[in-house]
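Notes to accompany the following structure.
For clarity, chains are labelled A, B, C and D in written order, and residue numbers in each chain start from 1.
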Amino acid sequence: MAPKALNIGMIGYGFMGRAHTNGYKRVNDFFDLPLRPVLKAACARSAEKIQAFADQWGYESIETDWRKLVERKDIDAVDICVPNNLHKEIALACAANGKMILCEKPLAMNVAEGEEMCQAVEKAKVVNTVWYNYRRVPAVTMAKQLIDEGRLGKIFHYRANFLQDWTISEDLPQGGNALWRLDVEAAGSGVTGDLLAHCIDTAVWLNGKVSDVTAVTETFVKERMHNLTGKKEKVGIDDACAFLCHFQNGSLGLFESTRYARGHKALYTFEINGEHGSLKWDLHDLHRLEFFDYKDEGKLRGWRSIHVTDGEHPYMNKWWVPGLQIGYEHSFVHHVRDFLEGAAKGEPCGPTFRDALETQKICDAVLASGKDRSWKTI
Amino acid sequence: MAPKALNIGMIGYGFMGRAHTNGYKRVNDFFDLPLRPVLKAACARSAEKIQAFADQWGYESIETDWRKLVERKDIDAVDICVPNNLHKEIALACAANGKMILCEKPLAMNVAEGEEMCQAVEKAKVVNTVWYNYRRVPAVTMAKQLIDEGRLGKIFHYRANFLQDWTISEDLPQGGNALWRLDVEAAGSGVTGDLLAHCIDTAVWLNGKVSDVTAVTETFVKERMHNLTGKKEKVGIDDACAFLCHFQNGSLGLFESTRYARGHKALYTFEINGEHGSLKWDLHDLHRLEFFDYKDEGKLRGWRSIHVTDGEHPYMNKWWVPGLQIGYEHSFVHHVRDFLEGAAKGEPCGPTFRDALETQKICDAVLASGKDRSWKTI
Amino acid sequence: MAPKALNIGMIGYGFMGRAHTNGYKRVNDFFDLPLRPVLKAACARSAEKIQAFADQWGYESIETDWRKLVERKDIDAVDICVPNNLHKEIALACAANGKMILCEKPLAMNVAEGEEMCQAVEKAKVVNTVWYNYRRVPAVTMAKQLIDEGRLGKIFHYRANFLQDWTISEDLPQGGNALWRLDVEAAGSGVTGDLLAHCIDTAVWLNGKVSDVTAVTETFVKERMHNLTGKKEKVGIDDACAFLCHFQNGSLGLFESTRYARGHKALYTFEINGEHGSLKWDLHDLHRLEFFDYKDEGKLRGWRSIHVTDGEHPYMNKWWVPGLQIGYEHSFVHHVRDFLEGAAKGEPCGPTFRDALETQKICDAVLASGKDRSWKTI
Amino acid sequence: MAPKALNIGMIGYGFMGRAHTNGYKRVNDFFDLPLRPVLKAACARSAEKIQAFADQWGYESIETDWRKLVERKDIDAVDICVPNNLHKEIALACAANGKMILCEKPLAMNVAEGEEMCQAVEKAKVVNTVWYNYRRVPAVTMAKQLIDEGRLGKIFHYRANFLQDWTISEDLPQGGNALWRLDVEAAGSGVTGDLLAHCIDTAVWLNGKVSDVTAVTETFVKERMHNLTGKKEKVGIDDACAFLCHFQNGSLGLFESTRYARGHKALYTFEINGEHGSLKWDLHDLHRLEFFDYKDEGKLRGWRSIHVTDGEHPYMNKWWVPGLQIGYEHSFVHHVRDFLEGAAKGEPCGPTFRDALETQKICDAVLASGKDRSWKTI
């Protein structure tokens, strides 16, 4: 039976707008699903820019006011792909209009906003999800399976980092377009919301809730030219952030992110150590999962490099053949796949707004701890 | 300006049919091109199967006789995605009908067939290409650039292998559908045409022509159940093949492929050693290029692991951001991109049939040498 | 000219007793030096055990009372290889008797003891060193050279960890012989003094002093059988410890050690990120130094894996030929080499007691922070 | 009980003279053995040079005529560490004088010489061994154990290479001292006897005898200044050599060695693929063994990186603790250990002369095949 159409309204057209759209366009080629996304409308303030985007990717129409898009009867689901400071308002309007919502991460500027958003979608009973896409890299999904199967036993340690090096130059400006991530007004925070939030979402998914944190934050470059004001302005974001924490299961956590780690482009790694085994993953080689199994025969124990490309690995029976890897963008295709499966049944697709609020709480606590140098209970 | 339509007729619907179709569907999302492939028709003997494929991928119509497809006026280019023993006949018909041809590798069953195909397309002046897709993995394309820039200097060694392990079980049958690759009638040869041909195409592209070869071939499992006859039949393909060679530039070559290398799914690797530097690549981590530069300061010399995901790397300015890798399938998208650029101007897109014939010559010589245990001049 | 004898008195005969002795016995085979260590006497409470050790390794005589050894006129230098709670007393006696001292790390049980030891050796003007041996793994020494040459520029980040997994079993007892490291009375602390101290010594050497720290410590197994009392006793050591810090040069530090990281035997790694480049090292492959140089041509940038086995690498012109690696024990041979060079001239060999006191200060602050959950200024 | 003295007479003082001597000096510190090597005499034509060597390493006396050394009553075992063209004559003299022999590899200049040497030692019944030291790198010894335990099952493939890059410069002369390896008169061959011989010894040990070979040899630099004649002379050695072979067990072999592989210092690697599993090893990280076990649960299969440093790994219970690696030189210590164990009982220590003759046969066949381009039966 042919899948039913699900009309998508996309707000935004940047890096994430492309990544999500690619997910919508590809998912039915590879997965048998009850729904098929239709690229109904794309929206941005600049008519010229959004028209070019719509032409390139095949959106049927454009809007220049997101309120209009949200109110359109022919839109089933809205994708919020705009800077963080706009998430809340749009989400509330979507909920009010009964639209499903796919919101870019982090959920909000802070916990207060996030809580309001959660209440809105829960009251409106609209299907909602937040694009923490790394959960659906097959090797990461497989880590979740192995942990849930009890293969690691009691957990002692979780560590993750997300290291980049693209803001080292003092000449890089802040604000506007691609550089809104450096502008605290638009982004809310620096690496904490942008990078650590990914690490935290995965961590809570794999290892459960966090009880308390202590953090350090740093802004290495104190002033940068601002693209919107045309003047040198104080930099309000955190360039680097690290924190220690306890998880509720008694394990210790260690997290770090920075945009000043020369030589690393997008080095998101995590490792989890348990009584019976350990797991490691690295975004730079995202199709591999490293697994140490203490149950292996003593003299033969070693870290196994699992090339997660077999038919029995998560999502992989729909792609190519063993040994042939997929890439970063496929995590979005998988997210869309799971969202559509859920949406057809009116079921949530994790991480929901409520799940993402948990990450927001930790981010807020981390930033607060970075300011006053004390432990914070979550 | 909107790209012009290029109507594609696809013959076949297997693994390669999907990989090529994905290339056609995605290329214009990411690349600005003069042409846009339109999925006009798909063809196979089974109406049921090809209809399902057409529905899944969005082909507008189906055919069950490839001759009809080839003669359709609304088809501009034919994609030959069928077993090797059908390439020649279809290609000749395409040429006779003035169709552009995209032919799956290897070109033909042998040099005689290949030569006939080359003459046909050259006489008919139809644009043609053969899907040796690995040339367009960005790290491989970059290897070509570095060699052409003279960074390796005089070349001493080239070595490549393509190791798999999927036919070790004696219970695996041969023939029919997905297993035609084990049937010498359909495939012409075993690993030589299937795997070594890829290694050879890349090698000749990177390091120039081969002058002579000596080879060993082996069939480890001598008899297998045949899906078409229902009986145990002699296995006619080579399960493993290795050869030594000289290149015309004076360097030595060493090649090996097998389907009996336990632990390797699709380990295609090559390494090239020159006076000033060396390069290594591995399909299992296809986004990395290893480079050793003798011009580096002495005490600091080491193999550099280049994560080929930056905007200045081949094809990569159209994808995501540094550090975020693409996968196997993107090599086909890039091939389509280059094919469309050429087709718009009536220019060839390498490897052409003539280029692929060079690989066929080496394959034939390798198989002959494996039989009579003597060196063969190419 | 033949080197002059330097008579060594060794107190202890365990793992470190063997490693140091091996250093004394081998150094003159490979290095041309003004002094030659002579294994004059070995000392332990058990005459039987120390005699066996002396026979095995070739010590000329034994003592069962360290005070006697320290007072012997024929001893030039005393090597303190006993549990941490005995370092101070022996060191003070050595200083009083004018003996050179080579003291196992960590320097002392705490800063107060360490300060007393520093004052004693400085007053007595005896040559002294502490066996933080990893400074003299050639790849680590080379890291120091590259940093001192300014190749990394301004430093942003330093991270290190030392991960083991040998105490996960609850059945492992504490105290006595090889297990004194689990007994807080003998060891003073757990992983902080045993493992983190190594990380800290290297860090301060490479990146300068630390200004403040915040830490978390954990004891996963709360009670263990005690070998000395024969009863289950509370475990007083830290099983795991992690801390965040600022260095005086403005960079951020992140340190972790544990004996509960399943799959890691002795994974000591560090990484340092600077404006112009980065360095990484890993004890599990100790002969490699990873170096990222931002000054490399853009498209060719990548981490270089330097196999530190060439004649131009630190210490390596005395060993084998390029590509042939040395091991863990060689770090002690190099330490002895540098100690002898210094001793012949009456010059110190770092890390001196005073240098090691800096590490002790950080360890003490880390442990204190782990207790009261606040930042500590060093 | 104290071990009995075994008096060693060393002929030669180069790289191998040092490596072997280090083995003699260290073995009893770590292993409990019935014999203890005593460095009785060292011999070379230059009294000055051999005296310096004896002083450095502690040999009791020197000789300048190897015939005298071989005849000395106080010598039990002779170590032949001289260029290959002298092996036979010295070995025959040793046998005639009833001396045990430890001969540097390769055994001889050719099979005829080797056969004569075998007959001499067998007739004289003197204990003999050849220094193919890599058998006793713990990871390699462990590979042998795993294969003998049947963990790989039926073997399909064996491949090995030994890649270096130190003779690329045309300005490097040949002949005399350290460069005798480039002089065909002294060395007999180039990479075949120097490097491939190591690969072959390991291969035959692990995978059994070879039945036939076909090879290619190349001399990239045709003329070099000769240190002994002072003139440019034709280069008689092979700079590179590769060969294909069948083993008697039906598996295929692929071997390559060169001194023109830019970026590789001493990259000796081997891999063996069997029905149930595969093994890989690499001299550049010699303490690791990679193992793929098909018996692992399907979705969790991957290459395991075994850090061969545990007490249950071969030889390792005598060294340090898990995670702390030993190096290249320890393979010689282990060889001495096994030699002494055998010698005390009058038992052989492999590889014996007879074992090494098998490698010589393959080397000779490879060189012959390289000349006349035909397959050679062993």
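We adopt the following convention: contacts are C-beta pairs under 8 Å (C-beta built on N, C-alpha and C of every residue); 3 or more make two chains touch, one makes a residue touch a chain.
Keep in mind that what you see is a predicted model, and the values were worked out from it rather than measured.
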C-alpha-based rotation, chain A on chain D, 0 to 180 degrees, nearest 5: 180
Remotest chain, chain B as reference, centres from CA atoms: C
Selected interface, B-C versus C-D, where C-beta contact pairs are more numerous: C-D
Gap in Å, rounded to a whole number, between the CA centres of chain C and chain B: 55
CA centroid of chain A to CA centroid of chain C, Å: 42
For chain C paired with chain D, centre-to-centre distance based on mean C-alpha positions, whole Å: 36
Touching two or more other chains - residue numbers and ranges from chain C: 264, 301, 303, 307, 310
Chain C to chain D touching residues, read off their complex: 2, 15, 19, 21-22, 25-26, 28-29, 55-58, 164, 166, 264-267, 283-288, 307, 309-310, 319-330
Residue ranges of chain A in contact with chain C within the complex: 152, 156-157, 159, 163, 165, 168, 214-216, 218, 220, 240, 242-244, 246, 250, 252, 254, 256, 258, 260-264, 273-278, 292, 294, 301, 303, 373-375
Chain A residues touching chain D - in the complex, by the definition given at the top: 142, 291, 293, 296, 298-307, 310, 312-313
